[in-house]
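The structure's right below; bear with me while I get my questions together.
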Amino acid sequence: LTACGDSSKSDGKGGDENTIVIGGSGPLTGDAAQYGVGVKNAAQLAVDEINDAGGVNGVKFKLVFEDDEADKGDKAVNAYNALKDKGMQIMLGTVTTGSCLAVIDKTKQDNIFQITPSASAQDVIKNDNTFQICFTDPNQGKASADYIAENNVAKKIAVIYDSSDAYSSGIFNTFKSEASEKGLEIVAEQSFTSDSKTDFSAQITAAKNADAELLFLPIYYQQASLILAQCKSAGFAPKFFGCDGLDGLLDVENFDKSLAEGVMLLTPFAADASDDATQKFVKAYKEKYNNETPNQFAADAYDGIKIIAKLVEKESIKGNMSTSDICDKLKKAISSDDFSYDGLTGVSMKWGADGAVSKNPKAVVIKDGNYSAL
Amino acid sequence: MAMLEIKDLCVNYGVIKALKGITFEVNEGEVIALIGANGAGKTTTLHTITGLLNARSGSIVLDGKDITKTPAHKIVKMGIAHVPEGRRIFQNLTVLDNIRLGAFTRKDKDGIAQDIEKVYKLFPRLEERKTQIAGTLSGGEQQMLAMGRALMSKPRIVVMDEPSMGLSPILVSEIFDIIQSIRQQGTTVLLVEQNAKKALSIADRAYVLETGKIVLSGKASDLINDESVKKAYLGE
Amino acid sequence: MAFLETLINGISLGSIYAVIALGYTLVYGIAKMLNFAHGDVIMVGGYAVFTAMVTWNWSPWLAMLFAVVVCTLLGITIEKVAYKPLRKASSLSVLITAIGVSYFLQNMALLIFKEKPKVFTSVVNIPKITLFDGKVVIKGETTAAIITSVVIVVALSLFINHTQKGRAMLAVSEDKDAAQLMGINVNSTISLTFAIGSGLAAVAGMLLCSSYPTLTNTTGAMPGIKAFVAAVFGGIGSIPGAMIGGILIGVIEILGRAYISPQLADAIVFAVLILVLMVKPTGIMGKKINEKV
Amino acid sequence: MALLEVKKLGISFGGLRAVDEFSVKIEKGELYGLIGPNGAGKTTVFNLLTGVYKPTDGSIILDGVDITGKNTIQINHAGIARTFQNIRLFSNLSVIDNVKVGLHNHYKYSAATGVFRLPKYFRTEKEMDKKALELLKVFDLDKQAYLPASGLPYGKQRKLEIARALATEPKLLLLDEPAAGMNPNETAELMNTIKAVRDEFDMTVLLIEHDMSLVSGICEKLSVLNFGQLLCQGKTGEVLSNPEVITAYLGE
Amino acid sequence: MKKKIKPMTRKSFITYGLLLIVFVAVEILISTGNISSMLKGLLVPICVYSILAVSLNLTVGFLGELSLGQAGFMCIGAYSSAIFSNLVKETITQPLIRFPLAILVGGIFAALFGIIIGIPVLRLRGDYLAIVTLAFGEIIKNVFAALYIGYDSAGLHISLKSQGDLGLAPDGKMIINGALGISGTPNDSTFEIAAAILFITLIIAYNFVNSRTGRAVMSIRDNRIAAESVGLNITKYKLMTFALTAFLAGVAGVLYSHNFYSLQASKFDYNLSILVLVFVVLGGIGNIRGSVIAAIILTMLPELLRSINNYRMLMYAIVLIVMMICTSNETIRSFFVRNIEKFKGLFKKNKAQTETVKEGE
């Protein structure tokens, strides 16, 4: 009965004074594995950096990470409980929105400080102990519509979104209402589901026949890469606009980058940005992980650990404090006026008590196979 | 040396002992009858000989070669054909397909064509129904098909499990005639029958099986007059 | 015109389903088992071509050959290791084992090829056909898939109905014991079935990935299920049925998405499937088998 | 009035006229035989009588009620039960449960009574057990009552099928080759059982059989089918000595 | 002599007893605080999966029809009850009243769908039936994932397109938000309730199988034609079994939806149906106790394998294949059977000889 294991750590009393256990949860297997793996790797990188530099006020971090399979129910909770059994005191996660929704009430009950790198639905932060590093979906939808309208990118817009995905439909919903407010015309409203996410011919035909000037893609890059290819072969060449889910597009092995030429996207992070922080991070990540290029999830997670470190430092947290005390301190600290953080995914990021981050979305365009700021 | 020798054969179904060490032999050119009550183990014996069941112990020797562990499909190639209990025809294939499958191990196209004609001669009903889906044949017709199919492999030994079951009286006589003619063509026959009287009347020798053991054996002509056999199996 | 375009889109998708369904239905019809791992063999085929072409820089033809060999061997191995011990068990046990194999292949691929998707380079270089001044485009991949599926249908039908090995397959599919009594080697026949089925999976993998070029460890899962649906739709074990079923499923899916509701397209496909099976309980080309009483 | 009256029954399969203009009258309490060469259409007649096939022509009247075209279930309720040429038992159920399924429509309690184990459940089950054991005893199967049906030897399986059919309390019992696969002793025993069933249960029996010892031993009347058509009909002795029957069926 | 078919009553009481022991043991662990969070979190899901497996076994094991739509029934139960609870949670604040009502709502809705699905299914056999149940499950999942329901002062709004399409007034509240599903369902499921329902499910299953109705169902499985010939109404019993299976799966869905804060339709995909089928087959088709044991083991297995990280799911797959081969391969199984019999023989020495190897007839 290994499952009964070591229960001393799960009572929230805290352990060794000089170690804080950070728990991470995300998909390491299944369809969404790449997001979880990115988060896990970057978080480990950040933790190692911190520990190598002697820790925070002498306190070192220990990262434990569990696979939640991006499940939306029991398995996500299992991963969370496994983390608790391993003595988690602060939670970085979960990676996906569905899993996050499944655990937020548990973290609330246990009063664990939770900061998610990438679960972006509004509902995720409804409890006061949960904070986001990424934008909330409505925020992205609104920002996209605003950007398109203000810069006169296009008037007639078609959308293809994943109606079975919370992230995608979340962005779409706000995009739609904001677009109509800004006088943009949505000429084709097309969706797909996770069960049929390879063939987009019907959606593209509809968009094409509606004479859309711009195709808005609030989706993940795997589908986007297919859509770009299929648009090309259907002889449909609108402008393309996406959100942070499109990040990663250029790193797909063997991807024909010419397809992505001119694609605009709102993203907080681009791996080939020229600032020092990004370059240093990308270099370290590549060195550590087989020359893989980190994606935005990784960057969010890296920021996440660093944010936790800064908070821990600020509040002089020790490993033997109870999780609940840690949570109370951290949530107050993160939303206090004088706390802000400059990271890979945004400068002077600040949080309100509601848990949402405020940072400026960066619009980038893909040019000559590289991201360049708009 | 006997063509087929069975020594101390034991077969179990899970924990049930179906054969408890039976020994007998079949010589070339003979018709051997195996008789016994329901559940005596006759079918089990035949299945084990043709490789559909594995023996727990004991041996089966064909022409001096141990075939106890030889898989069923190789045994067919070695010259044993089996007309199984319950016919086991290929229900969804046509009658002709079934007959052709009987010749699966053969390569001689002309010979096969000739033998198909022979089978049709033996069972004219099969020729009438050659395109019918075998599963819709009447019980007796299916029995004919099973016989015809087995003969298509040109076997040296045919083992038959109750070939007369479900046949009309006239056909029962015919079947026994056919068995005799098969023998006359040089094929050895191992025959399991409930119709013991008929079986003993055409067999050379016979064995009586009772709850997994051979309890009696001898010349068929002797057994047919044996009082205990008469009482137990001939209904006299 | 829009309708024509949509219809052609449907046929493109359907032709891919058809190729997958053909391999499915062969194994399904002969070995009488639902090989839920078929979709994952497709994925392996995709990775094999990718590795050969992109990592090792082989020519497309060589890469395709390589994939077929890999998948065929894989199919035979899977059969030997996982299914053969269950020859006498219920078909449900085999189904569950197939699911285990499917998990195994997916997770093995995840460990080997990692979680990031790869983009597949199309192995098809048939030019696209443009009709009505570019309004309607038939992709080279579609042409290839249709031609391939027709070739497979004809070849498989000829093979099964007119060769010794094919007849052995039919016999095995009906009654394994009786087939043995005909001198048929049941094990090698089933191995052969898996070999062919898996070889076809490799072909399907190439066509699938050429048309929809992202490749991850779960690439084969959903198309596998859809192809299973197509195979049943066409009539279990019927080879032309698998092709027709595949194309119809594709067409219904795309028409449903275009004209009714994109969100409910899958639901529509399944609803049509149910309706068709209510009218024709053994699928479009399935034979009605009357049990004689 | 006859218990069963069949008039000009007919059916075709594709081009094959499997049964043509078959008529018969069976009186209550009779032991009636249906014989004929293989493939003559005997089993098909049973299938028509029990609604497995719908007749294309003719009518079937059971005890004054027209049952033509009714389905199997309705026909069983109307009072015909049968056995099958290829044994069809509920092979995973115990011997006694096979019979209890036969009793199903005569000892009723609702599904809810069963699930909640109301008193009626226990009462009815007890009665069913009693009745089933009685029936099994007739066929000398009571000692094997709790064995799985599939484990019974062939001959006993045939008997169990008859017991199950009787459990449905039919007016007419159809037996398709009950003696197939039995040795002469077992056949003789079976004959006695069938007679006993007729006498004890006041049953009317129509049976198909190729074993002439059984046919001549217990059947009072016979119909002979050949190529789907009635060849001859009448008292057993007369029919069996009919030269046409001898050439077509009996041989010798 | 061959093995007798033992009366099911004995089997069922052994199962009840075992379950009771486990339940008491778990309760002791909980009250003494000796239980890991993991195990504690698994308790309700284990009950849910056990109920699902037992109910599916009624269809697969006793009716003999392959159903791949269990997740669909569960989805209906989960959604309908979650909607119910969300609507009444302000009016009925007492979980002890609200939850039983929710269970009834979920169970009854699922049963209704079971009957609806049962109707076409009656015409079909074997794999065709399997695919239709799979299709129904997928339809249900897809429809719920595309369903938007909200209410405001003007009443209920329903749409199959998008949230915006609802035209909800600003004060309105979403009940089902498409792919995001339902959130805020009161967490009324507790281990005690779930265990009680599992217990009841087992009683229902055993009693059903051992009743007149159950016998009819099994006889249809064994031989449909013979069952018709003795006058059984095949349609009625097939529908009844489908409805019962659906009802219980719906109840499992209720327990599930009331155990988590949020509920999303995509959880109820065919993979879940297949998972439940795995429990049934591994536990032994028609073996009710086996279903529960398999559900428990296979639900815990991936969690126990967490320590091997990346190889976790690979190992799970291998264990699944090996278990399947060991339980279904005749040679291996008879090896086990023999040794278990021997083992038993050690205890009943005098009986051993007659019991280990049964004599042929």
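The first chain written gets the first letter, and so on, giving A, B, C, D and E; residue counts start at 1 in each chain.
Assume a residue touches a chain if its C-beta (ideal position, glycine included) is under 8 Å from a C-beta of that chain, and two chains touch if they have at least 3 such contacts.
All of these numbers come straight from a predicted model, not from anything done at the bench.
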Review point. In the chain contact graph, what is the shortest path length, in steps, from chain A to chain D?
Key: 2
Check your understanding: Which chain lies the greatest distance away from chain C when centres are computed from Cα atoms alone?
Key -> D
Check your understanding: For chain A and chain B, what's the span in angstrom between their mean Cα positions?
Key -> 73
Revision key, fill the gap. Separation of the C-alpha centres, chain C versus chain D, in whole Å, is 48
Exercise for review: Go ahead and note the Å separation of the Cα centroids belonging to chain B and chain C.
Suggested key: 42
Check your understanding: At what distance in angstrom does the C-alpha mean of chain C lie from that of chain A?
Key -> 36
Check your understanding: Residue numbers in chain B touching 2 or more other chains?
Key -> 39, 136-137
Review point. When you check chain D against every other chain, which residues touch at least two of them?
Key: 43, 52, 84, 153
Revision key, fill the gap. Touching two or more other chains in chain A are residues 28-29, 163-164, 193, 195
Check your understanding: So which chains end up touching which?
Key -> A-C, A-E, B-C, B-D, B-E, C-D, C-E, D-E
Check your understanding: Within the complex, which stretch of chain C touches chain A?
Key -> 2, 5-6, 9, 12-13, 50, 54, 107, 110, 114-121, 128, 134, 137, 139, 211-214, 216-218, 222-223, 253-254, 257-258, 262-263, 265-266
Review point. Along chain B, where are the residues that touch chain C in the complex?
Key: 50-52, 71-74, 76-77, 81-82, 84, 88-93, 97, 100-102, 104-105, 135-137, 149-150, 153
Revision key, fill the gap. Chain D partner, complex, touching residues on chain B are 35, 37-39, 86, 125, 136-141, 143-144, 162, 165-174, 194-197, 232-236
Revision key, fill the gap. Contacts from chain D onto chain C in the complex sit at residues 43, 47, 52, 84
Check your understanding: Tell me, which parts of chain D touch chain E in their complex?
Key -> 50, 52, 71-73, 76-77, 81-82, 84, 88-94, 97-98, 100-102, 104-105, 107-109, 111, 113-117, 121, 124-125, 128, 146-148, 151, 153, 164-165, 167-168
